[in-house]
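Naming follows writing order (A, B, C, D and E), and every chain is counted from residue 1.
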Amino acid sequence: AETIKVGVLHSLSGTMAISETTLKDTVLMMIEEQNKKGGLLGKKLEPVVVDPASNWPLFAEKTRELLSKEKVDVIFGCWTSVSRKSVLPVIEELNGLLFYPVQYEGEESSKNVFYTGAAPNQQAIPAVDYLMNDIGAERWVLLGTDYVYPRTTNKILEAYLKAKGVQDKDIMINYTPFGHSDWQSIVAEVKKFGSAGKKTAVVSTVNGDANVPFYKELGNQGISAEDIPVVAFSVGEEELSGFDTSPLVGHLAAWNYFQSVESEENEKFIAQWKKFIGDDKRVTNDPMEATYIGFKMWAKAVEKAGTTEVDAVEQAMIGITVSNLTGGTAVMNANHHLSKPVLIGEIQENGQLEVVWETPDTVIGDAWSDFLPSSKNLIADWTKPVNCGNFDITSAKCSGQNF
Amino acid sequence: MINKAGSPLLEEENIQPDTRHGVILYVEDVSVSFDGFKALNDLSLYINDGELRCLIGANGAGKTTLMDVITGKTRPDVGKVSFGQQVNLLDMDEAQIARAGIGRKFQKPTVFEMLTVFENLELSLAGDKGIWTNLFHKLSGEQKDEIDKILQTIGLQKERFMLAGALSHGQKQWLEIGMLLAAKPRLLLVDEPVAGMTAQETERTAELLTSLAGEHSVVVVEHDMAFVRSIARKVTVLHQGSVLAEGSMSEIQTNPEVVRVYLGEDQGAA
Amino acid sequence: MIELKAVNQKYGGTQILWDLDMQIKAGSRTCIMGRNGVGKTTLLKCIMGMLPLSTGSLTINGQDMGKQSVEKRPEIGVGYVPQGRHIFGQLTVEENLKVSLNCKRQSSKEIPEHVFDLFPVLKEMLQRRGGDLSGGQQQQLAIARALVLNPDILILDEPNEGIQPNIVQLIRDVLLKLNKEQGMTIVLVEQKLPFARAVGEYFHLMEKGEVVASGNMEALDDKLVAQYLAV
Amino acid sequence: MIPQSIQDLFKKFGSLPVVVGCLFITTLYVSVCNLAFSEGSALHVSTYTVTLFGKYLCYALLALAVDLVWGYCGILSLGHGAFFALGGYAMGMYLMRQIGDRGVYGNPELPDFMVFLNWESLPWYWAGSDSFIWMIFMVLAGPGLLAYIFGSMAFRSRVSGVYLSIMTQAMTYALMLAFFRNEMGFGGNNGLTDFKDILGFSLQSDTTRIVLFALTALFLALGFALCHFIVNSKMGRVVTAIRDSESRVRFIGYKPEHYKVWIFVVSAMLAGIAGAMYVPQVGIINPGEFSPLNSIEMVIWVAIGGRGSLYGAIIGALVVSYAKTRFTAIMPEAWLYALGGLFVLVTLLLPKGIAGFVPSVLDKFKQAKKDKSIAEKRAAEVKS
Amino acid sequence: MLRTFCLIFTMLISALSATASAAEDFDALINQLPHKNLRNITPLLEKIAAQDDERVRFVLTEIVNGDLYYLKSNKQVVSIRKTPDGDYQLTAILGAQALENQSKSAMKKIRTSNRIRSDIRGLLAQLDLTHKKEAVRLAAVKQILDDPNSESIALIKKHLKTEKSEDVVQLMETAMAVNQFKTGSIQEKTSATKALKNSLEPSVRNAMVQELNRLSEYKNSELSEDDKALKAALTKAIDSIKQKRSIYEFIENLFFGLSLGSVLLLAAIGLAITFGVMGVINMAHGEMIMLGAYTTYVVQQLFPQWIDYSLFIAIPAAFIVSGSVGILIERGVIRFLKGRPLETLLATFGISLILQQLVRTIFSPLNRTVAAPEWMSGSWQINPIFSITYNRLYIVIFALAVFFALLAFMKRSSLGLHVRAVAQNREMARALSVRSDRVDAITFGLGSGIAGIAGVVLSQLTNVGPNLGQSYIIDSFLVVVFGGVGNLWGTLVAAMSLGSFNKFLEPLTGSVLANIIVLVGLVLFIQKRPKGLFPQKGRAAE
């Protein structure tokens, strides 16, 4: 082919469009930039954008279309875990390559997927450490939307908290449906739970659109960050740009990137983004950085391998480093997860997040959680001799391989 | 698989009203009220087997309501309604009552507008009304002939393949009478059959109904006094939900009360 | 004065009215008769504008109404009592009567009292839902509703259907009275000869969508009746 | 103009042989071209196309089911997605169990999602799910039972019209929320996925795909024949009568509620079969399939194709799904305008849907002829 | 906890010993602020707090409020206030020279974290005990009450004598009693328990529960008579508090229910017109709501300085926008579907897709920010454990107002009568001079306009984004159907009862299950009443 085709598989309509459209634009921006530099291997990159419309079976269909009809060399896409799960069999069957840029629940490592978002140990665990050690939280509310990512994350956190000596009665877990919009009772309950005389913190894996009404209710019921801080894993700059942040100042978010972090790369990236999108008010966020890193790594790996052939690129990816946007270096590990710094930020009035705490070093993404009984013996390693996504170190066997 | 649900005590296909006392329909002390308004007030009425009974009464007297009660559409507040001596109609739903042999023509003609005239009649034919039978049902020659005969009677041969919705008001009236004929019920309740018909059609209807009596029992509600006169043997007058008078047409016509509330000078014989 | 010239009308594929001509004089009482399904109701609906004319012209009181919408009719003084009554079932009797109150011709915001004089039963039932009335009561309501408009022309489609005899007499008297006292034009579709003879001055006989005979009511002899009304 | 012979055929047997014939030819063509011609050959039909068509045919069967209750019985179900999804879950459970110890945690008994939620053993309702026969039974019994329970309650209480529609919607909505819950034991939001094989045949092989596709076509043909038979029987006329006036049907002795339940159950089972065929071909079943919007879309297929026409339902499903596939690829950011516009225009311009369009044009043509002859006849009559 | 305490303690000591010689110059300390990062700012703040300078309180207040900045150009420390035109008015902390207004890009915030702010707040509370404003003093006592220590109690004791406000005195006494309860002898504890048994303050209850738990660790035989008396008093007091709490919890749930009901009512009531009265299955109803919400956004963009009044402009604006779009839809599409109500479902669904994509194109797929006016923020604290948020309160009132206005319109106005007449029999209504086209357009416009108003309200509660409408459409249909199609009262009762049912269930079952139960309950209920709560009655309804 005269061009290298890059598939972009992000929902542009339906419920997820709100988050995913930005990532489509990010990929397009990266492609444009790469083409300005002359493309890759002397060929131009050509984006192939499709709209899976927040419909999970459609994700699978579109993946098949991208791989077998459009014959793309790589796909950047998906946001929700279920979309990834739906795409996974197709990607593996047709031996494609997917870069997945969103924080997720872990418990997965596929030969054909690179996970550039955070695994639970790169977001949840450090955040809890921060709350426990720096804020002095003793009572915990785990709020989440009722689906796999929050369920898993909370499972891991619960195990972690108990290991740290927190008692059952000091943990409250509550799940809400997608798009939950009436938070009165839950916030009131949190308030009650928090008035028992011990420092209380909320860990929120509330997803998507449900956050706005949640924070508004927090603000109106007068729960300030100083009383009961809320640390969220799904609220970033983009979400914050959708609401009036004044009542939320001081609440927290844990990510691997914030727009406010000062570094040369970041400044350049922000400027490039604003120019590309033609809107000075647009913000950047963590999944964008993950997309950025993924794209850069892929480009590097293609050059290293000298081909876009999936197996070669996959092998070349491991060990590739790219400077991340927060001043450090991202490394692709053998388990197809990144090493990343973990940052905790406080929400500012302007909708930005200011770092108040960060891990001293980067943290290696853990495909299989150490805090779940089912997976504590599993590792992923896509280099020889293991070369497997779910390798049981006790039995030295690899389960569930399709190939 | 599910066509035999309903009241387990009643094998409605086999219902035979017990008419040893010569009475096919007992309506006893029935009252119906709507939001406090008494449409039927302690009404009692007996229809003999094979009788042709005319039911007249002022607009709003409760004639249609009475038919609603008999056919299961309206539940009375109190009272007893039975088909023959034993079959308690109040325990049955509309379909069961219909299967037991009570057919009805509505005051406002109601036919299946999206079916053809022929199909309207086909559905009304007496016979098994269960699902599985109908799934594999084929019209027999006899049944076809029967429908043809009815079509002739009601004068709609030409319209047989027309959608019933496209019929004129009067034609729908006829079709509904036809549907009643097809069902061959023991007891026919006919609500204003000649409304909107010409004098000659009225005559024909009168003949038709008279010919049905004997084998069937017929209750006719009508305001057309010429028509009533031409068919009536016994007339019951309802007023404000109860029976005001009962007797032969000439008795009724001379009843001053009936003349006052219903007939008016023109029709009254006073 | 209503005048139809060469009117054709179709329902989708089937033509009902064929080159129909008809004149109805102002202030007259005209009766249109014919067997079931000959197109009487269709004709009235055409006059009311509820069915479009395929071809032909229609003038009412000298105005060309062929292309005018239904709601123009009441404004120029046409009242309509349809076959089958068409009461607003979920409105109360009072509301049924009030619907036409803000018509241009109508100055008052109250239901004219004479309506209740004509049909006293309606007064008793003002708060009852129209749909709950008995058939005959509904028919009275339908006539009363048309009268509220204070029309110059009153069009009635079989108004006696289902009406008790003494009310039939009442309606007859009312129609005659309206015609005599207010000069109201009465257009009546009727099947029952006695009533037609009592009310109508003129008749039009229809057959298969055409007018086959017209004239003074006296001219409606047994021969015509046998030919066009018998089965 | 359609050639005279086909028209005659139509008149004689209705649309049945045409539809079945079309299905047969397409299936044959697709299978042969996929298996016999290698990639790159001009005649090759890609596996992508095969699965896509397979999916469309599932939708078509589903549309048929919706049309049966809506078009013929007047029951506007806004919850047919529930039956589809239940059929899909029945199949999904079976496929899940076929993974055996090839799951990521290597547990021979439990599906992965149960392992990492620390479930000890299979919940009772998963019993038998590894049996093919049981799966087939459940594909029919799951949706059928739900339809029976819901239908016999609702129809007996004479819930009808919009009340019924909105209740079906509530039903599927409640099921969606329930299936979202991880505690339900159906994989929560992620649903069931990562299937490996069916009856020992790998789901990823072309032959299996072709067979699945052909089976779907077969089921569609059978479904069509069944519906055709039903609506053309006397029972079909009763059902149409119920649509017109349910209460009147009662007064001539039929029990409309029995008929409605029966037809609702049949329709639900058809939808269940569609769901079951859908799952192995798209590779995932998740609670999103219960979403009320999905069910509304089904109704829209039928409306676009032509409510009350069986082949219309099929056409509608195919047209809308194809439009969606194309539009989302050609104009990813504007396809909703196109699809929305399509819906509006079809409603305005083709009141009887696509299936009603051709006949109505033909009718007009015929009518003109007939008018002329009638006019002539009358003219002759008048003269004489 | 301990660290906090130590920090406050050190600050306090220094603050009280005003003559502390080691104290550095206040100005010098302030000037160091721009040079500190988050990790080493705390010691500096401690030092500043220790200064005996009347500006200390101001600086600390500005820090907790997040209004302390420094100019990037010359590192001058300033406090800022937003001006109506979007700039910031600066006040220098040091020196008195007037400063020009600046935009935010010219300055940088003095960074703090929750921990630091919370510590400062504790300190401020002690300073605030003598504040001029009663509300501030009250808040200060409250703050101390939540986390009392001997120093702060000593301060309270000192100021109690001079305090004039009834409320503050009462709260101070509670604080003292709690302190007595925590630190006093058994007898003192018992008497404090009795004094506190009517207090709803959480800290009171916490202290009592803790004490009771302590006592419960012993066997009864190990307790002295006094202990036993205390235990009995505690049990009684806690019970009485519990009882009061459960009453308030009930009221709270009821209010939550009504407020959820009001939202449902607002969302559904437009549909009660377009669907309930006109019979149009309006799938684009949600998008009419969405348009209303976006209108609010646009209004706020156009008049950024009038956020507090924006809703008063937005409500009529949204009514007009959604109403006009509604009229357009009616004139452009729906009127061609007369007599084909089911097809309106198809067409309006298409329209809803188009409208969603339209706002994606115009406003981007991202959510838009809609600010809450000051008067709608916060809550009305009725007692320490029960408060009502203002926004919900206003929404309940507003929803009822809209409802009754609409009800009056439909029942009293002639247009309302015409709407109903046309809905029941279009042809006949026209024959009675009702201009049905106009009535249709106005009715649909009205229903849509009210949906637009609902959008304004929802913009105060939830996301303003392309999916806003979708999340309410199902609920709206449920409410209308549950209430009984065509009956406005039914819509009201349905909305309120669904809301309350949901909110009483939620604490018991969690919100997911509550939703499911409500839906299943609804399906079952309809079996009992197949035409909704308030069915259309009479013969004509069949």
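In this section, a contact is a pair of C-beta atoms (placed from the backbone, for glycine too) under 8 Å apart; a residue touches a chain by one contact, two chains touch by 3 or more.
Labels paired with UniProt names: B = Urea ABC transporter ATP-binding protein UrtD; C = Urea ABC transporter ATP-binding subunit UrtE; D = Urea ABC transporter permease subunit UrtC; E = Urea ABC transporter permease subunit UrtB.
Note that the structure is predicted; figures quoted are calculated from it, not measured.
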Touching both subunit B and subunit D (chains): C
Set of chains adjacent to subunit A and to subunit C: D, E
Central chain (distance from its CA mean to the mean of all protein CA atoms): D
Distance-maximising chain from subunit C - centres being C-alpha averages: A
Winner on C-beta contact pairs when C-E is weighed against B-C: B-C
Centroid spacing, where centroids are CA-atom means, of subunit D and subunit E in whole angstrom: 45
Distance between chain centroids, defined by C-alpha means - subunit A, subunit B (Å): 74
Centre-to-centre distance between subunit D and subunit A (centres being mean Cα positions), rounded to whole Å: 37
Separation of subunit C from subunit D, taking each centre as the mean of its C-alpha atoms, in whole Å: 50
Junction residues of subunit B, two or more chains touched: 34
For subunit D, residues that touch 2 or more chains besides their own: 177, 180-181, 247, 333, 336
Multi-chain contact residues (two or more partners), subunit A: 12-13, 146, 177
Chain pairs that touch, as defined at the top of this document: A-D, A-E, B-C, B-D, C-D, C-E, D-E
Complex contact set, residues of subunit C against subunit D: 13, 15, 18
Residue numbers on subunit A that touch subunit E, as the complex places them: 12-15, 17-18, 21-22, 134-136, 146, 174-177, 179-182, 184-186, 188-189, 192, 195-197, 199, 209, 212-213, 216-217, 219-222, 225-226, 229, 238-239, 241-244, 246-247, 249-250, 252, 346, 348-350, 354, 356
Touching residues on subunit B, where the partner in the complex is subunit D: 1-3, 5-6, 71, 73, 93-95, 98-99, 103-104, 106, 110-115, 119, 122-124, 129-131, 134-137, 139, 179, 183
Subunit E - residues contacting subunit C, complex: 414, 417-418, 420-421, 424-425, 427-436, 486, 536-541
Residues on subunit C engaged by subunit B in the complex (per definition of touch): 11, 14, 33, 35-38, 41, 83-84, 121, 128, 132-137, 139-140, 158, 161-170, 191-193, 225, 229-231
